[in-house]
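Once you scroll down, you'll see the structures, which are given as structure tokens.
In what follows, chain A forms one complex with chain B and a second complex with chain C.
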Partner chain A sequence: MAFLLEVLIGGLLAGIMYTMVALGFVLIYKASGVFNFAQGAMVLFAALTFVTLSEHGLAFPWALAASVAVMLALGVTIERVVLRPLVNAAPMALFLATLGLAFVLEGFAQLIYGTQVHGLELGISDAPIRSLPIEVSKLDLFAAGVAAALVAALGVLFQTTRAGVGLRAVADDPVAAVAVGLDLQRLWAIAWGGAGVVALVAGLLWGARVGVQFSLSLVVLKALPVLIIGGFSSIGGVIAGGLIVGASEKLAEVYVGSHVGGGIETWFPYVLAVGFLIARPTGLFGERLVERV
Partner chain B sequence: MNDSAPLLEVQDVSLSFDGVRALDRVGFDVRGGEVCAIIGPNGAGKSSLLNVVSGLYRAGAGSVRFEGREISRAKELSALGIARTFQNLALFRGMSVLENIELGSDFRGRATFLEQAFRLGRAPREERRSRDDAREILALLEIAKHKSEIVGRLPYGLQKRVELGRALAPRPKLLLLDEPMAGMTFDEKRDMCRFIIHAHERLGTTLVLIEHDLGVVMDLSDHVIVLDHGRKIADGTAEAVRNDPAVIEAYVGNFLD
Partner chain C sequence: MSSNATAWPSSSDVNEAAASTSRPLRQTLRIAAFILCAGAVVSLPFLVTDYVLSAILVPVLALALAGTGQNLVTGYAGQLSVGSAAFMSVGAFATYDAHLHVPGIPLLAAFVCGGLAAALTGVFFGLPSLRIRGFYLVVSTLAAQFFVEWLFTKVGWFSDYSPSGVITAPPLAVAGFDLSSPGGHYWLSLLVVAPLVALGRNLVRGRVGRAWMAVRDMETAAAVVGVRTGRAKLLAFGVGSFYCGIAGALWAFAYLGTVESHGLDLDRSFQVLFIVILGGLGSVAGPFIGAAFVILLPILLDQVGSAIVGGSVDPGLLQNVEKIVFGALVILLLIKQPAGMARLFYIASIRIGRWRARPA
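For the complex of A and B:
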């Protein structure tokens, strides 16, 4: 029983790491209906920026502040240079633009930061805490705390600030948003800047776990089942989605994997996602696509 | 503002879609405090005209001036004091009635992101003002009891009323209404008429409206403009327009077509 609990909690905490990546997608999807394939590249770029600054001797708070500034600038620039010229283009064109953007960002990161693997030390060990009755990694707990703080901050911003309410309004009905005089382009820039900052947080936590290297941009692939299960447009949904993916893959690995030779953790979430696509295509909390005719 | 100068001046506006002429040198003035109706048979160019005035369409020729200044872009309108409603409702259907109405006047706020997140500086004052303004609109349109409901779940007539509220929230000087009573039941129409009159009288809003129901138009309006095939065929008081042979011809002629 203690073992089951340990696997479950380990899985839930791992799921929070997936949620962090998925959150960046939701911010942009909610505000502009764009599936941002470059989110993974943004995670990589953010982590590389931070690590490089740290390695050049910048203290943690300064490196963090500088990285936040870089990611905000990057987000705003992407909105201005890539998306603004494509206003009213088909969703597929926008998706392909972000796909291209992913390659450009990765290439650009290689060009300025090089291709070495960097270690990232946040000063929190990934070793289990011994004093608790069940073994839990300190880094996992820290990540969970950061995720909770980030989600709470996003919640406050969406509920109380004009930009947040504006973003919800744009997501709800862009035509009405223009009719009341909301500045769509400014709001999109805010969403992209926000996604940049979320990418930085995800990049630091993932970087501390697996090292900062180019495969970091592949964490988006794990965010996909999270988004499919939770819904592309719901922050609560991706939290639930992340937890479901994390817990189910670990449980499946331990209890099913042992009978089939193991290694099912890597593909189990996708099978689950396909199941959701068949049973509930809009995800657990996504808006249902009901069109009045 | 000089009393004799019109609030809105539309001069020689023409508009074509792929060679089809939707508006042909249409011009008219709307004075401050007036209720002006634009009527005409289907396809006469009424909505096109309203879309040009509100900057959604760019006229091929001619100009639209508000308080003497030329308007060209839709996003400047709210700051100038012009609001509009749409034939197919532009509302935030997933948000509450109160949020919809507050969003109507949102662009006036000046507090920064951080002031709002931490409720400092200008944020609380602006929030209070926007809440008070919204409350007044809710009372005026008698939708206070629905303020927390999600707009998409309300019946159509009420949604129309919320949209009117959203447009009135920033206290516009000029309000453009595109078929405010389309698709309503008799009772809903009567209520809507009352609310439009209230808005006009209590908030002093100048109104330009498109409407099909001629009875409603004749009752509400000080000034009626009649369009047919993209041209203005009459412009005057309701009484004068009603007896204009060209108007009778346009309406009767269209019935016979």
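For the complex of A and C:
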């Protein structure tokens, strides 16, 4: 029983990490209806920017501020160069454009910052806390706290602020939003800049755990089942999705994987997500869509 | 394979351009041009070096076939798949296993087995498309991608219990003809690819293709006017994956000479997807243009790079430059010409035709 609990907690904590990446997706999806495949590349880019600045002797707050500035600038640039010309394009074209964007960002990140693995020290210990009966580190708790804070902040942003309501309107119907006078380009720039900052936070926490390296951009793939289970448009759903994916993949690996040769973690979340899709096509908390012809 | 497989035939522009020539004469000219092109394509092994054959032409043909499969699923039926490499992998392994376990099976029959196995896999992972739409389907094809890679690594039977999981392809021969030379590999690829592409071209112009395009353009409307959308989607997955499976068998048998699941990973799936986007979604010539581009660009970058540096360039650096170029081109084409390079070539050919048709 203690073992089961340990696996479960480990999985839930991994799930929080997935949630962090998935939040960036939801931000953009809610704001523009775009499924942003480049979110993982943005995580990599953000983490590499921060690590490189730190290694060149910048103190933590300055490096952080500079990275935030870089990510905001990147977000605005993406809106200007990629999205603005594709207003009114089909969702599939937008998705494919973000796939191209992911390749460009990954290429640039490694061209500028190199391909070696960087260590990242946030000053928070990743060693298990001794006083607890289960293996939880300070970094785990910190990550959970940050995730909760991000979710709360995004919730407030979308529900109460003027920009948030505008973003939801744009996602619902861009043409109608523009017709009532919303500034589409400014709103998209806000969403992509915000997603860049979320990517930075996710990149720092993941980087502190596994080192800053190319595999960070592959995290994006694990975020996909998280989104599908939670529902693309629901911030709360992403937390639930992240926890379900994290916990179930660890449990499946330990209890099922050991009978079939292991390594089922690589595909289990996707199969689970397909199962959820078939049962509930809009996710656990997604909004039901009505299609008009 | 280029000029006789134009994507946009018998357009009024073309007719206008050739208005001065009489109809029967034009017909004869067209047939003559086709025979000339076909002859040139078949006799290529006598004209080019072995390097060009085995490092450029054979992989271009294999990837163009995979691109054709992807194009049927994504370009015509509008279902986004990022699992083409998985279906290629299934095709390659099934071809190998058919060849190994069925004594005396002809090579081409083994290829068909590979294609059928891939088709079944494709239909299975396409089943969720009955319930879900659009890019949600990405997750199902991702499941295919990772599951297939895992299966072929973990279950030794598929690779005949080879300890490395890498298996060597047998020497190639069709109907008693030895095809183990680079030229033979090329002819085999041509023999497989040409009829399949011709078949695909007819398929998309018939009832089936119209149903696919109706589903792509607006699924609800297609269902309302009586298209059986579920059947159309599964058929697209089946036929598309069949093409990918055969392409995988060609990739493994005619190009690499080995069968290995890690060479057909997610990156390969993205490569096939990019081939179709760059070449042109929903066009027959597109995958060929895209595949040629994808194979030639790294070689070109390498040449340019070494010319600038004056020595060999760091392969890591080249890989990153390649990624940036591909990504940027995808974005650029989606913005400027969503119908891809095939459309650009077509527009260029009309301009040349108009220029030629001008009275002197």
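Throughout what follows, the second predicted complex is superposed on the first by the 287 of 293 C-alpha atoms of A that agree within 3 Å, B and C clash if a C-alpha of one lies under 4 Å from a C-alpha of the other, contacts with A are read in each partner's own complex, and residues count from 1 in each chain.
The definition used in the following text is that contacts are C-beta pairs under 8 Å (C-beta built on N, C-alpha and C of every residue); 3 or more make two chains touch, one makes a residue touch a chain.
As the structure is a computational prediction, the values presented were derived from the model and not from experiment.
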{"item": "Which superposed partner A:Val165 touches (first chain B, second chain C, both, neither)", "value": "first"}
{"item": "Which superposed partner A:Gly145 touches (first chain B, second chain C, both, neither)", "value": "neither"}
{"item": "Comparing the two partners chain B and chain C, which touches a greater set of residues in chain A", "value": "C"}
{"item": "First, second, both or neither for A:Val175, with chain B first and chain C second", "value": "first"}
{"item": "Touched partner set for A:Thr266, first chain B, second chain C, both or neither", "value": "second"}
{"item": "Partner chain in contact with A:Asp183 - chain B first, chain C second, else both or neither", "value": "first"}
{"item": "Touched partner set for A:Gly119, first chain B, second chain C, both or neither", "value": "neither"}
{"item": "Partner chain(s) touched by A:Val156 [first = chain B, second = chain C, both, neither]", "value": "first"}
{"item": "Overlap of the chain B and chain C footprints on chain A, listed as residue numbers", "value": "none"}
{"item": "List of chain A residues in touch with chain B within their complex", "value": "156-157, 160-163, 165-166, 168-169, 172-173, 175-183, 287"}
{"item": "List of chain A residues in touch with chain C within their complex", "value": "35, 81-82, 85-86, 89, 91-93, 95-97, 99-108, 110-111, 115, 221, 224-225, 228, 260-264, 266-267, 270-271, 273-274, 277-278, 281, 291, 293"}
{"item": "Chain B - residues contacting chain A, complex", "value": "74-75, 77-79, 84, 86, 90-95, 99, 102-104, 106-107, 109, 111, 113, 116-117, 119, 166, 170"}
{"item": "Chain C residues within the chain A interface of the complex", "value": "78, 80, 128, 131-132, 134-136, 138-140, 142-143, 146-147, 149-150, 153-155, 218, 220-221, 224, 266, 270, 273, 277, 316-317, 320-324, 326-331, 334-335, 338"}
